[in-house]
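Chain IDs A, B, C, D, E, F, G and H follow the sequence of writing; residue 1 opens each chain.
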């Protein structure tokens, strides 16, 4: 079916990437302007360009809006419990080392409740590609403060604004030994897709933090009521610096309008992934 | 009672630090040559010199040989479950902010099962002093490989030698925002005691890794069959570098006889501890 | 030197006295505040999040401490630690988080540190239906941690009871030094009704039994029980130099590897609740005096059951409701009594679980037990109860 | 491109056939190897550590994967993931670790991914007596995760049975797609006895029921059960593009927020075990034919019980032993049958717990139940059993 | 379900997230339970599918204790949105009242009595679109008397931010006025031959 | 505890960590269970207090199935160390045999038959101190016949590293020789007036 | 080099209207402002992108609208038409 | 400065024999080799440190033996005796 009901547009009902989507589940449950959809999109594009049979790709998520990613991609996909996407994926990756296992989950899932698995999977250099969708809050449960929430950000559990110091995720990933570390935003789709492709082709623990708008839960109380507002902020404030040397410079303060946000591919080293030695 | 049964020694039955010990429980259960006893010793010395009433000192441990520390010091002391010493201590420290709460526990307790609380307590800059006794293994359960075990170290669960990359604990502590970060060995008793004193007087999350021999579990299969052997190795190979700049230089490979081990006080910054802002 | 935490002046009162229209989760938070809550640590999870959200605002405003932790393992450990320092402490969660708390619930039991844990039950197992109702964590609340230990669990059936029983929960925790659960369900947690909060001075907060000796020379025995099996408690910073451990310990609190000591200790932990069941138990009896058919139901399900009783009575049938407000300890004696009365013919147990409550009733009587179950997401309606009994 | 993991050539055989003198923990490891174990993930804990230690050496040597994880939460998640990829997977722990696994045991139940969890029970609750025996995780094994679900649990009473029942456990897990537990106790785990391991070809490993359609166009329904209530399974990498979630899901595996679907799904999860209890149940009956006194005991305690039966028989008394090798499902029908036989006068339940097993027996009969309990650290001796019954 | 005869009234508000649906339930319930000396229970739908999507809140009001807290059938349905109208109209009791946001809902002609309320436009006229829900509440109260106007106003005063109160009260007034007009029309129609 | 009459023999090895106490139990149990066609159960003490401290292992041997796996009283106690001797001597059955490392244990004269074995010195004479435990096992077997010498040797051959076997077998021999000597002395004493 | 013969890529825009949630991304970030919202709405009430009047030939087939769309509701295909300005 | 009158600190060694586990730390790290093992053993069979023959006046009261001892089994006190070498 391809019914151009309006003269100046071709209305269709199938997207070229649909074979890699569970298209019958679209439109997905994510909010208008939510960046997670773009991440799903980027991931399936990367699969298409990876040169690896989709049957050899596996996607694992935890719980959260970001964690819904696994449910929309048409590869073997698993939606583990909150925080356990990484060890679940580890089980798959170590039992079937010929599979390309990608974990897509949220900042809360991977670095709050799942933080321990994160540091240990990286330390061991398990052959996993990890996309951490950082929307600065727990979107799914209504926007509570999380470990990446900026100082001062308001939330239902921080009515006076968050006073905790957020993680600098690439710094952390580097300190625990990840083989590949990058940060992008969903606005940087092309570079982000390149990073995902690099992770797919690279052995060992690869990590990309992707900043994504959550207009509903994070945005509303923090002056980004629409996804586009946060996108505009990224357009204005992001600087690309590949291979940055001082990881602590990667601190983000999105509440401060003058704060530059550094994105880029920061680390890409060979360490010998887990099990290689055997 | 002070019976000099041998002419050239004064035999006594009380130590000047005994008031700060649960002396009726001595000798403790730790093995001959185990470095944990020295850490307990250093901690009670630091209490004596802290100028803070012992009634305001609290000690919290998790499970493990190192975790037995809390049971030997005569201050309010708690022996939490494995991995939960930090959040247990957090509960005390935040409810009674006038107490000086010190967590003494093992590398396994704090950075294997307890790793998530470690990174988050540091991130939030909770006002805690953390002494991580790193003996490169799980002593209590018989010497299995842990997250700080050196590459190549043999253990009951790594019969062919450990192939995982160990954590660089000061690097990790720095990346997650600890206010004070140091590393010493039990041989460096004086500097170690200074570091503990500094932690006691400083606000926020303070962290000291102390390398300690475990002759029974780690030493036997790895050529340090006696505590003294590991102490000798520290004497030969440790370099003091306060304020080291490249945290990744702090990597330890104790299996490599030529590898220099850097010890020192690395980080001492002000960040505003948790709750300060309230 | 350690800086003292400058407590904010309390701008709002602890007790929001008067009638309010409130959801159960919020009423639960207010009940905790009324009971003197000092410390809350939690991790958000539907459908309990509103408890935390309300406390994030209210608790600091009355001088207490609200901490959002990294996970439920940390939350439960933090409230046990705070309790060790003397705080009335609380966490709130739902099934998945409750499961993660199981290990440290055993620690609280073993250290005898009073804590209150709210579990707003949702449809389970696993992630299940996060936004929909369940009542199938009942047996988990009793048996979910390894080993034997004693617990107390309340099941409110309305926002008002969320307030009342959360308040009770703190008193019971401090009285018996056991973990106390408020087993809510998503329906009572999310429904709003009138909640009347008493004026100051009406509710009486039980004070923990402290040492009867001054701190100092004599070593304080943290685990020397009084005749009521409950030892007095000394907190961090009070000068008693206590030691507490999850290992089997002697009266001083020191670890000891001895089967006899273990048996005595654990038996006492269980007996603390078992032997005080009379004092702890709370039930509602509705039209039970002349009933030949006894409905036994908890939480939101009891509302359908109560209505079914009304409907049956309207039809001239002799139905009654026994509602455990404390599901642990279970009102076993009362059930046995009813079974032995000669009058009662049958028990009817509607529940949002596949027979957890039924097992308890079955253990106590050989009488027919009609079990109306739903695995979760919906509650048995009054009509379904009537129909099930008729058929 | 991803490099393939170069598997080591297997230098030692999977089956160490013949008679060996072996502790229960090691026999358990060998039973798992015999059952085709592919993947082990664990975290050391007394008294189960020897299972892991043996497998760290043996499993890689036969081409399998041994991973020591950062904690028990990771361990259980990893073996579920490995199972999703088709591995026969195992973890081993003890009480505190078992408690930490509770949440993800629910996930395995909900995703219907077969796993085997060994729990070598020690004296509990909490840290308890790590090196000493306990049997008080029995009810936790059944009810420890939130919600309703079905599980199978074996209780070996000797190193030989540690081998045999661990082997069985894998077959049962794959047959019913439920979490299966081997509930050992410290005594059987640490005692060494003769263990006879069969020659190759004797033991038959059940193969998981796979899809009956080729991968490709037709979407595969991961959760469309056959008549036996168990759906066929497709694994990661097999081309079926499965989706699995801990949320309530439809037959395709997709999340769905619907109470009816939830009820049907969870009922099936429970019924898979309930309706196959006959096939799953394993018991030993010892001198039960003419018994008027039935001892019911599991694990190491049953050894004392068996001896007590011998002693009683030597005195001319009619005692017998019913030993559940599967404590879940519980041999309820057999207990009811015995109770209804007219011959049996009383049940005697010795256990290393304060009455967990007794509750099960009590649920099934109104007959007197003599309960001989120890909280942990020691097991009731044959003489204590005799004395308890006499008095 | 047949409930023993009482004066139970069951109201459903339905729309999409952001329309203040949940607040409507809370205000109505509060008015009944605290200021009208009635029993009232308010419930609402939750769920990931509610994220920016469908939103629903229900209120049961009675002079008797309310055991079963959910609506069994709907006596008054307020539909703020086409999809909401479609989804819930089947639950309306015989003789029930259907109130629709008349600019957003195109009701079908199935015999049900339809009350068209251009609440959003009316709210815009008052100066703030967001008070459309209060306009609707005013209408509902004016039309059904399920709670008194005073109680509704008191519920508003004790719930919303002080600076919003005057506008909200205006919105109530606007709703009630429209209800009066409609009632009058209805009376006129009934009176007409 | 009274066990129905059978030929149950209960042996306890006691000493400190590092003396090979656990291995002794395993070897004796294995010899009985695998090569002597008997039933045997070996158990051992665990615990943090065993860390470098007391170590104990027990073996029960019988021709009948062994239900209760622990020693109920000790028929043969092997004490490698003074403290071990003190701790366990009370468990020795009437008529039980007490074997002590005679250089490390100073037994008290309480009527128990004491077998003094300078196992460590004998092992040193054989060239390696660590085989003291095997010397002791040899003595035990020579003295009690609880398992056959062949079975013990087979247990050793199938358990220890191949290169250690010859020395271990020498140690068995040395122990057995001493047992013979002691047996002879005892016979002589009995024969003497 | 004959610039007049260089082929400027030229794209054709396709939209799956039912998927669109009107997030604005494609419209805001089209480098040549090809897109604008439809008059109509889809069944959820969202306006979806259409090619603005007069922009029928403007698309440079950069694919950014496609890549950025969180709903996979829009994509472009390379037009057959030769875009040389000849 | 009159060196002959400078007071060299001088220490007296105290040992809690029952606590010692013979780890060697104090003996190995005494900067002036004051200590050696006793002939006797304590009840656990450990030899404990004593002052070596001829070293009675050698302790410089550096306290290292004390600080390093994992068993808190040894400490030193400052001797009253004037250690000036006069």
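The rule is simple: a contact is a pair of C-beta atoms (placed from the backbone, for glycine too) under 8 Å apart; a residue touches a chain by one contact, two chains touch by 3 or more.
Not measured: the values here are computed from a predicted model.
J.: Strictly by the touch rule at the top, which chains does chain B share as contacts with chain G?
T.: Chains that touch both chain B and chain G, as defined above, are A.
J.: Looking only at C-beta pair counts, which chain-chain interface has the most contacts?
T.: C-D
J.: Rounded to the nearest whole Å, what is the centre-to-centre distance of chain B and chain E, using the mean of the C-alpha atoms as each centre?
T.: Roughly 64 Å, centre to centre.
J.: List the centre-to-centre spacing of chain D and chain H in whole Å, with centres computed as mean CA coordinates.
T.: Chain centroid spacing, chain D to chain H, equals 59 Å.
J.: State, to the nearest whole Å, the distance from the C-alpha centre of chain E to the C-alpha centre of chain H.
T.: Centres of chain E and chain H (C-alpha means) sit 88 Å apart.
J.: What positions in chain E touch 2 or more of the other chains?
T.: 47-49
J.: Give the residues of chain A touching no fewer than two other chains, as numbers and ranges.
T.: Residues 30-32, 63, 79, 81, 83, 112-113, 115-116, 120, 147, 278.
J.: Chain D: which residues touch two or more other chains?
T.: Correct list: 46, 70-71, 73, 96, 103, 106-107, 111, 126-127, 130-132, 245-247, 257.
J.: Within their complex, state which residues of chain A touch chain B.
T.: These residues of chain A touch chain B: 112-116, 119-120, 123-125, 147, 163-168, 171-172, 174-177, 247, 271, 274, 277-278.
J.: Would you pull the chain G residues touching chain A in the complex into a rising list?
T.: My answer: residues 12-19, 21-25, 28-29, 38, 40, 44, 46, 49-53, 56, 64, 67-73, 75.
J.: Could you pull out which chain B residues touch chain H in their complex?
T.: 5-6, 8-18, 21, 26-28, 30-38, 40-42, 45, 186-187, 189-190, 193, 226-228, 231-232
J.: Okay, in this complex, where on chain C does chain B touch?
T.: Interface residues on chain C, with respect to chain B: 1-8, 38-39, 41, 60, 65, 67, 69-71, 73-75, 77-87, 89, 103-104, 106-107, 111, 215, 235-247, 254-255.
J.: Inside the complex, what are the residues of chain D that reach chain F?
T.: 19-21, 46-47, 130-132, 187, 190-194, 300, 303-304, 306-307, 310-311, 314, 381-383
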